[in-house]
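A short write-up of the structure that comes next.
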Amino acid sequence: MTDIAISHVDSRQLAVASQWQLVWWAFKRHRLAMAGLVVTAFFYIVAAAPGFFAVNDPSQQNARAAYHPPQGVHFIDLAADGSWSVRPYIHPYALKRDPQTLQAVYREDETRKSYIRFFGTGYAYKLFGLFDTTTHLIATDNKSEPLFLLGADRLGRCVYSRIIQGAQISLSVGLAGVLLSLTIGIVLGGLSGYYGGRIDFAVQRLIDFVLSLPSIPIWLALSAALPHDWPATLNYFMITLILSLTAWAQLARVVRGRFLSLRTEEFVTAARLDGASEWRVIFRHMLPSFTSHIIASISLAIPAMILAETSLSFLGLGLQPPTISWGVLLREAQNIRSIATAPWLFAPGAAVVIAVIALNFLGDGLRDAADPYNK
Amino acid sequence: MSEDIQQRTPHCRRLDRRSVLKGFAGATAISALPYAARAEGAKEAPALAKLVVDGKLAPLADRIPASPMVVTVEKVGRYGGALRRGLRGSADHNGILRMVGNQGLVRWNLAFTEVLPNVAEKWEVNADSTEFTFHLRKGMKWSDGHPFTADDIVFAIEDCAKNTELYKSPPTPIVIGGKAGTVTKIDDTTMKFTFASPYALFLEQMATPLGQHPTLFAKHYCSQFHPKYNPAVADLVKAANLSDWGTLFRSKCGDIEIPTRWGNADKPTLDPWVIKEPYTGGATRVVMERNPYFWQVDTAGNQLPYIDRLNFNISQDVESLMLDVISGRLDIQERHIDTLQNKPTLSQNMQKGGYRLIELINSGSQQVQIYLNLTHKDPKMREMFANKEFRKALSLGMNRSEIIELVYLGQSQPYQAGPRPGHPWYHATLATQFSEFDQAQANAILDKLGYAKKDANGFRLRPDGQKIFFAIDVIPTLYPDEVDALELAKRHWADIGIDIKVNTIERALYYTRGDNNDHDAAVWPGPGGLDPMLDPRDFFAQHTQGSRYAVPWAQWYVSGGKDGQEPPESQKQRMKLFDQARATADLQKRGEIMKQLFDLTADAFETIGICLAVNAFGICKTNLANVPAKYPNSWSWPNPGPALPQQFFFST
Amino acid sequence: MLRFIAKRLLWMVPSLIVVSFLAFVLIQLPPGDYVTTFIATLAASNEVVDQTTAADLRARFGLDQPMIIQYLKWISGILLHGDFGLSFEWQQPVSNLIWERMALTLVLTFSTLLATWGIALPVGVYSAVKKYSVGDYVVTFLSFLGLAIPSFLLALVLMYIAAVEFGQEVGGLFSEAYVNAPWSFGKVLDLLHHLWIPVIILAASGTASLIRVMRANMLDELNKPYVTTARAKGLSEFHLLVKYPLRLALNPFISTISWLLPNLVSGSIIVAIVLSLPTAGPLLLQSLMSQDMYLAGAFVLLICALTLIGSLISDILLALVDPRIRLE
Amino acid sequence: MSLIDLATHAGARSATPPSLILEVKDLVTHFPVRNGIVKAVDGVSLTLERGKTLCIVGESGSGKSVTARSILQIVDAPGRIVSGAMMLHRADGTSVDLAKFNPRGREIRAVRGREIAMIFQEPMSSLSPVHTVGDQMMEVLRLHLDMGKKQARARCIELLKQVEIPDVERAIDRYTFEFSGGMRQRVMIAMALACNPSLLIADEPTTALDVTTQAEILDLIRRLQQQHGMAVMFITHDMGVVAEIADDVLVMHRGKVMESGTVDAIFHSPQNDYTRMLIGSVLKLEQKAEIRLRRSPIADETLPVLQVRNLSMQFGSGKNALKAVDDVSLTVKPGETLGIVGESGSGKTTMGRCLLRIYDPSAGAIDYRRPDGSTLDLVKADKETLKACRREIRMIFQDPVGSLNPRMTVAQIVGEPLLVNRIAAGKQLDDRVADLLQQVGLEPSWRERYPHAFSGGQRQRIGIARAIALNPRVIVADEATSALDVSLRSQMLDLMMGLQDKLGLSYVFISHDIGVIRYMCDRVAVMYRGRVVETGSAEQVCNSPTHAYTQALLSAIPRPDPRARSIHRRHRYTAA
């Protein structure tokens, strides 16, 4: 039966609904997935323009703010005359260091206020790496009193801003890595799936071989092998490459399977009889019918990549500071000291978890909605 | 700082009063005691006493030497207990060495200023310090009860240390002027080291961990793996399916600094505790038990050690060591946890963990020594770095106090190089010149040097139009604090128009780059704060891996002018001076020579320092007694060894 | 069947050889060699290696020879007399080192496996049968959470809580008294008492993903006609569920065996390091980091072999449980 | 006889069992969907009597299966019984209302498989592939009659013997996929009869089977019904089958009962229009189509457009090679329709696909006469010529779903051949498509729609439009109508013949349905195991077949006339 699962849209729309509309309708019914989509979108927007969302320069150290705890934001502003208004502000914190334990103690200074502005001016940065600007989503009106929404790390760098900066790297590592492995996967998987025979056999062996490689040691060895005097960007690219090296085989398997099953579909035969060329058959007739599946598997592969990056960084083999990625941030938090005295350093962990969950939900929903025709 | 130590350590005299004869003095001062001890009959651990009663063990009198070494203890302790310490998963054998393996011919005093008798009861040194005659203790035994005599030392040096199949070249501590000394037996308890050229530092060398070959190999045991004594050794090698007898020998008798030293429970030693559960790849802990033949007693004549057993737990990850400390499962630990950043956490949990903090005086002099490569391969760079004014500008352009406050929690002071304040050889100029923060002057200098032109981002350009830029190698996994410090320095220097890259690299690469002289610049902690004679790498190009501002010069020096590059005059002078100093036994004179050397160093100003090497700290259970409140933290003074763990004891 | 197995076994030989070479190259890739790493490690606790000994070591380990020679020496050693060589660091035969760790690794992996399946199976079935119910959403969310939390993070936090808040002894699998004690009831108890933290952490992500797999499989099977047939027979829902869809949904599970074997060694590396478990993982990492060639090489080789054998076994098992594969 | 003894249990059959077994009154079953509810069964009432067969007929979506499943309360989620009563009268005189039972409860479970058994359409997927036949059968026995293992096994063997499974002793431990479709259906039946149910519900049990197998199964059911004296509720869309076996008939359409009565009444004096239409369209396929009556016969001397000579095609190689097409020779003349008839596995589809070189024949020749009169051998044709020929020889596929790319609009699908052959583009293409749609009787304005918006019949028309887009000369139609409801078939065939006259097409018409062949084809080739056993004019082959197999095949086809029940008189063909 091919009664479309989506019966809640009126039939006239339905009649002219393309695959993507159908997918979208099916997807919309999946509440968690929708949530995932929204969150993911938000994350990637942030990652696109970290400067705008950041509060302080992520690599700006501050001698007076080492292990600065997260600041409580006050919303009701009581004026001296007793009148009040809703206007977010913070009390700056004052640092005292215990001479014996060297423990830094921050005390909220009730006497002073610094107000929070939206679209206020802050440090200068390049929006999308293009235009210089100083406008930020959030800024304090008093530059000398930095705002630490999520506290500061051991060098007094704003954790919040660093997470946002890190999103750029970590999220794109996932994306780049997956896209990379996808291209390999599609080309090889497609070849072996479409032509079969010898090619198929060869590719199959290759896939088996790659899958038989233990990913963790490979990662370790490869990333240990990276010349560390390479620029951060190149280094970053290599890491993604390494990650995708082990990931493509899985995708290739999926693609191959799809191709094999599609090859026997009657509409493909029909297309061939219509006189469509091999390429047209593949790209016009076969590919569209599993792009949705591929997208689904991508969105499921990205979180794996992100986690892999953090794990590598945790072992000190991933990206190296001063590059900021969630993995790097977590590595810096990887110690009892942080858990005991500065738990807010684990905020990047939360970011990772949220992002990964969101992506997983998204991917799950996509997978369910991927094929609207056989329901 | 070394004064405050001396207040705490009565039995230690001022450095300069040391004399060639102090060996006797030291010995006589305490040689009366053992007889006293003997008179009232030395005491031993209950466990051993029982064995003796059961006849399973010889009586104490036959186990310890006629004149055991008497350790002056703060409190006379009680026997018993097991002391827990932590090791890291890999290559942490020295964690054991530091605790028990310090039984050389001689040892350091607590202040790290003086050499005291140890295995050797006393010694004489001839006038030009080429002959050292050591007197061993009569009736001293290996941990298996076999007598320890001069033959063992002859075997250890002549047959092993100088055996080219075992050591391609003999270990440096017994080498001077490229020639290894020779040991000759005089009688069972007397033997003599003879050197081709004067070797005044020999005693100090013998007190360091690397100087312990003489007492490392028990002839009666190790000779069975030595072809000279056991022609059938080939079969043993085959049996163990190993490649050569050298490997076999090492796996059985170990060497100073390799894991297998602690991997063989059968190997006799002179250590206070002996291996019960060896340190192997699969081990999750190492257990050592008291050596019933240990040759030291306390002032009351009790045989040491007090503590029955040592448990070393092996953790894969340093973090779990921290946990063990916090939850009070380690009795004394400084290794792997002593970074300043840990201090707040550790001091917070003192109650919970039931421990106190002990201060570890850093034996180094500089926390973050910046080595610009004065012998850079690129002539342009070389010219720039080689210019003292340039280095001066960099030094002035650095806001040291901010770095100290931020990275070192305010626990240090601006510093350049040289012996630490309080050390008799402290050199004010060398220590503090150009360490103030003066951007204006720095800029002025740089302008004058012809780097006035700047690019769009405000970075200075070299006359050839190249931006002034260099990378500083640093190992983040090893010295995270240095990375942070440099990140700050980078900002400070950006303000004076100098662009650098903090080149965080993995350690093996760090070494390769250094060895091939590929680096622009590098950082490393500057040693020589308490032991300027032992590690003078920052005072002149002496260490082929350490003196990173001019590795080729160091190679030139070490190879006696064969490889490397010929250094400038000032360096050559310092090299001469150092060789003189090494040959000078009289500390007074030696001090004067070193003074000249430091003057030259200060004048040359080759390395840029940031701040005085920061004291580390360790933890120690509150019920663990006789642990000094502070002691040096050094490899040459392999803490806590020289603080004599054998006389630590559990008060409750 | 036998021909199939034989063919697969034959395939393993070349791939293993390639892998071994690959492994060797990979380990050599990083700058420097074992000795530099060794020196560097000591330097970490500012300890100095006598400058002359460095060169000495190199010569002794044959690190001064070209890589290909080293490789040939090693591989021929393995092929000719099963000798995997000597670990540079420990001066012990590699095989001993690895086996020393295996026992506990096995214990850990299998208890983890039990936990994983014990939870994943019922929960997966539940959320499939109760598709889109509240329970299903909760399960789904939790399982995704499990997938999302980096294991090392979980490990560190759990460890801290257990150690500091509850005073539970973490790290290692035994307490002082039992480490080298012979196996006894007490020791087993002690082991169990230490096992739970690592098991929880290790099981977390595995369980999560298995729940997803199980759920998907069940959903596929649940609306197959034979389920209706069974229902029409008058079977009770539970009985029917267990006998038919579950039975078929299990087949994909069997393929998990193929990753199970290699995980014995490499799976729990990171967690094992954080919790400093005496399993094979940390040793592997050490050897890779310290470029302890032969040890690392042997490990990688072992893991690959296990992967291949694992997938072979799972294929055979699959054929055994599924007559369709067996008979066609 | 022994069955009954075995089945005997407390309070079993009283002396005179009631003839009435099940009364369904105003059954209503709903499927809630997002935007409302689908009334799958809308007030159906029926009665079932001992020893009688009630046939429920209706086209797809008429709700006949749901009715059946409602009785056992095994309607797939989210469907549920809204109202109505289903009184089950037990042998001991008691009666219960099945509708009152909780679908997961014990009571209804006691009824399922025990008193009311059911068999399904898909014998392949309705049995678990990983459990042995015996396992699945014994389950029922042990569940309802709590028999021991041995006893149950013995009973299974007996049952399997009854349903004529050969070599029972071994068969019982086999897996279902080791059986042919017919055998599986027999197993299903045996399983259903295990506890001597008083009612057997058969949901399209023969639809997936060949006519000969179907006849066997029908026989079997009939015989067992007599033995066990049970009531049978037989759901089918095949009027022939109805006429063959039914005592009473119930015609359903869109969930409602259109008409019910005795089989004779329904066939010979249908009251309801829908019933009439249904019967009409069935009877229509019983003779030659009018259109063809009007045609002038094709002159013998006209040269064939397609001549297939000794064509062979085999799958695989070595010992497990399968000769799908074995030395087949055929000719197709311009404007004529050649039917290829045969049962599944006879190689007719492979044959058709060879004609277009979808498969490469392993031997033989396919001589194709180009418009210019030149002939070429398609088997040897190179890529280019082949491409050219494929414009002139087109194909219509069996599956109206699978053969249309769901991700392309109708315009794209129909336009594809024109586009890739650079015949038309842009506006011109658009007009051509519109025109084509009109020709196949589809609203041109629908061309922006996607296949999923069309019914089965409409989709097949799209398929035809695509086939004729290039003005072909030959069209290979593979089971073009078998997926369609009977009422649509004749329309579809008429359409095709209309086009044939208009465009001077020749058809190679592949089907398993003799009715369709008779209606549509000029000449027929009967295929059996890859070989052509008989060729001749449609009339001759359909009315006086010469080959034994053809005779057997024809005799197995149920006639849509209850007064001429024939298949029990059929003769079987055993390959020489």
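For reference, chains read A, B, C and D in written order, and residue numbers begin at 1 within each chain.
Going forward, a residue touches a chain if its C-beta (ideal position, glycine included) is under 8 Å from a C-beta of that chain, and two chains touch if they have at least 3 such contacts.
Keep in mind the model is a prediction, meaning the values are calculated, not measured.
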Quick check for you: compute each chain's CA centroid and the global CA centroid, then name the chain with the smallest gap between them. C
Pair with more cross-chain C-beta pairs in contact, given C-D and B-C: B-C
With centres defined as the mean C-alpha position, give me the chain C-chain D separation in Å. 52
Distance-wise, how many Å sit between the C-alpha centres of chain B and chain C, to the nearest whole number? 40
List the centre-to-centre spacing of chain A and chain B in whole Å, with centres computed as mean CA coordinates. 47
State, to the nearest whole Å, the distance from the C-alpha centre of chain B to the C-alpha centre of chain D. 91
Going through chain D residue by residue, note those that touch at least 2 other chains and give them in order. none
In chain B, which residues are in touch with two or more of the other chains? 319, 323, 326, 349, 506, 509
At least two other chains touched by the same residue of chain A: list those residues. 224, 227, 334, 336, 340
Across the complex, what residues on chain C touch chain A? 11, 15, 18-19, 22-23, 26-27, 29-31, 137, 140-141, 144-145, 147-153, 156-157, 160, 164, 262, 265-266, 269-270, 273, 284-285, 288-289, 296, 299-300, 303-304, 307-308, 311
In the complex of these two chains, what residues of chain A are touching chain C? 32, 205, 208-209, 211-218, 220-222, 224-225, 227, 303, 307, 310-311, 314-315, 330, 334, 336, 339-340, 346, 349, 352-354, 356-357, 360-361, 364
Inside the complex, what are the residues of chain A that reach chain D? 2, 4, 6-8, 11, 14-19, 22, 265-267, 269-277, 280, 285, 288-289, 373
Where on chain B does chain C make contact in their complex? 89-91, 94-95, 167-173, 209-210, 241-243, 246-247, 250-251, 257-260, 263, 277, 280-282, 284-285, 287, 311, 313-317, 319-320, 323-324, 326-327, 329, 335-336, 349, 352, 364, 475, 478, 506-512, 525, 527, 535, 543-545, 558, 634-635, 638
Using the touch definition from the top, list the residues of chain B that touch chain A in their complex. 319, 322-323, 326, 340-345, 347-349, 402, 405-407, 409-411, 471, 476-477, 483-484, 487-488, 491, 502-506, 509, 513
